[in-house]
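Multiple structures follow.
Each of the next two complexes has chain A plus one more chain, namely chain B in the first and chain C in the second.
== the complex of A and B ==
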């Protein structure tokens, strides 16, 4: 599989502040990536650099094997949908879609119009008059209908209701399976997208914390549920990242890659094993120290 | 698909800003002046024509703020954006110049609209052969447009504070120059030169400025970020 994006010690600093600090990772063809992290972690900055909308202050960046800056061969293949995307005030939705049609080589106009119907968008309404949710829907439609080999969604659904969000996930999966491409999804609603993601990148304070397959990442921790005494005896000496008492029962999330013997032991103790949610893992990893301390006390 | 032409298409979707509003503004000035000219005995010579040129200056400022972040977000390169925008500026300027010329000729044929209103064929400005008139209009349009675009780009790059700083420096520089001209007794020579120039001469003097403004805009835009 070809590498579509390659970051090598990429850095972006504003004066003394390093928004992105020595980040290296690569992105493979035709996979769905999750770029996760807290607000201000540097996710959007990284995506802006990949699309040549911001300039790196250090390191190397290659997109489709080349620098993306002023490079039409590269830019042609990218569609970057961001929450803060500006549209000309006087444009109507249909104007934005028609314009996108001439900018993206793989654009499917019929598909765009059918999506607009799904999201119930008034095509003749001016962009200036749209609600936050409608603006987000327009972005999502551009992202999907552009069918760009590298499609990046940065917080694409601000203000969207749950129905529209699940519509987005459905359409994304559907269209992705028919027209495979690389998708980078950056979001705070980790639980909602965790089933879609194939690979997870976690950024915190400008540095890369995790670069792992979603499956492997899920295997890094487990949730145990059972009587308090059994849970405590089993988790003794292990790294507990989350604990929630429920009457005489306790639910605990424990780090570690468990072997079969350990699993059997847990089952023998009458404990229920469940995979941990990605969201919990991210919360732990990006806010780890504070939480760990709280548990240890 | 050629991206420069896509940028032109993008601009042309905004017919109001590029075509309708400037002509509406100027034509409304024309209508008012036309009505007034019926009540005045002497021929009425007005400067209403300038409104369309001033509008083009404003349009230049607005265009960038409105469409650059959008175009960049749609994966358009900065060079293509600049070339596309420049093509659009050239096309509309040429179109508007041609229209002005035709309406000016109509003004002549109708004997100043039958009411003695001189609106399009102004003395001094519209002298010389038709080609000269067209060129003068075209150059003024381009000059106004690129002045606006340059201001838009400078604002994009330096923000509000940069604009304040640059305006301050320019103001100080011109004030100093004014004093210097007075002190060194340059004014008689300057006025002498000014009165000798024809409209065409002035237009030709604008050409190097258009080139400088366009080049500066492009270079600044090359490093502009969202």
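== the complex of A and C ==
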């Protein structure tokens, strides 16, 4: 499978502040990626560099094999939906959709109109009269109907209710199945999207913490609880990402590929084992307490 | 949105388990067609590649097989294979932990057997 985005030690500094610090990863063709991390972690800065809206201050960036800046061949293949997209004041929804049709080579206008129906958008209403949720819906429709080889959604659902979000996930899976392409979803709602992600990138404080298949991360971490001494003897030499004392008890969350023998050993020690969800894992890794170094790819 | 999936275990394994359950319960008889990867993806709201991974695991185990251009089908002898696999798991997951808990409570093997008999009559 081809790599369509390659970051090599990419850095973006603002004076002494490094918003993105030496980040290296690549994005394969036709996969759905989750770009996860806390506010201010550097996710949006990375997406802005990939889409040529910001210059890097160091490192290398290739998109579709080339540098993206002022490169029409590259930018034609990208659709970037950001949370704060501005539209001309006089535009109605239908104008925005018609204009998008001329931007994106793979645009499917019929599909866009049917999505507008699904999201119950009044096509003739002015953009500036739309609610926050409706604006987000317009962004989602553009992202889906553009069928761009690289589609990036940056927090696409401000103000969207649960029904509309669920509709977005449904349509995304359907359309992706029919028209495979690369999608990057940047979001806080990890529990909601985790099952549709194929690959997960976790960014914290400008550095890359995790670059791994979503399926490999599920079941990767375990929380164990029990008497302090037993927990400590079991976790010795393992990567503990979270630890919480509770009287003479301790719960500890441990990373690692667990084999059946280790689980049995834990159970035999009288430790309780509980699996950790992807969302919980991200919280533990990015709450500032875990000591994890950036992954070298 | 993974209302049916448990996010703390690999989803492809859960997909494979659902198909196996249907085979055991007779909902998917041998030589019947299994839902397509895209149908699984849409129904469970999961990534199609993940659904495919679950289906392919069962193909590797000889439980499903592929008819080119048509789809996936339940193989002959699949039910027996799944039952065998599940019995192994049953021992590991239930029996071993039950015996451990019984020991903790001072229940002898005889008492445990008696309890199982009682449970069977309930």
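Going forward, the second predicted complex is superposed on the first by the 240 of 297 C-alpha atoms of A that agree within 3 Å, B and C clash if a C-alpha of one lies under 4 Å from a C-alpha of the other, contacts with A are read in each partner's own complex, and residues count from 1 in each chain.
We take it that contacts are C-beta pairs under 8 Å (C-beta built on N, C-alpha and C of every residue); 3 or more make two chains touch, one makes a residue touch a chain.
Every value quoted in this text rests on a predicted model; they were computed, and no experiment measured them.
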Side-by-side fit of chain B and chain C on chain A, or clash: fit
Partner chain(s) touched by A:65 [first = chain B, second = chain C, both, neither]: neither
Contacts of A:85 with chain B and chain C, given as first, second, both or neither: first
A:40 touches, of chain B and chain C: first, second, both or neither? neither
First, second, both or neither for A:76, with chain B first and chain C second: first
First, second, both or neither for A:279, with chain B first and chain C second: second
Smallest distance from any CA atom of chain C to any CA atom of chain B, in Å, after fitting: 27
Footprint overlap on chain A, comparing chain B with chain C: none
List of chain A residues in touch with chain B within their complex: 48, 51-55, 70-72, 75-76, 78-80, 82, 85-91, 95, 98-100, 102-105, 142, 148
Complex contacts: residues of chain C adjacent to chain A: 1-2, 5-12, 37-38, 41-42, 44-50, 53, 92, 97, 100
Partner chain C, residues of chain A touching it in the complex: 31-32, 165-166, 169-170, 173-174, 176-178, 191-198, 214-216, 218-219, 260, 267-268, 275-279
In the complex with chain A, residue positions of chain B that touch it: 1, 3, 5-6, 9-10, 13-14, 16-17, 66-67, 69-70, 72-80, 222-223, 225-226
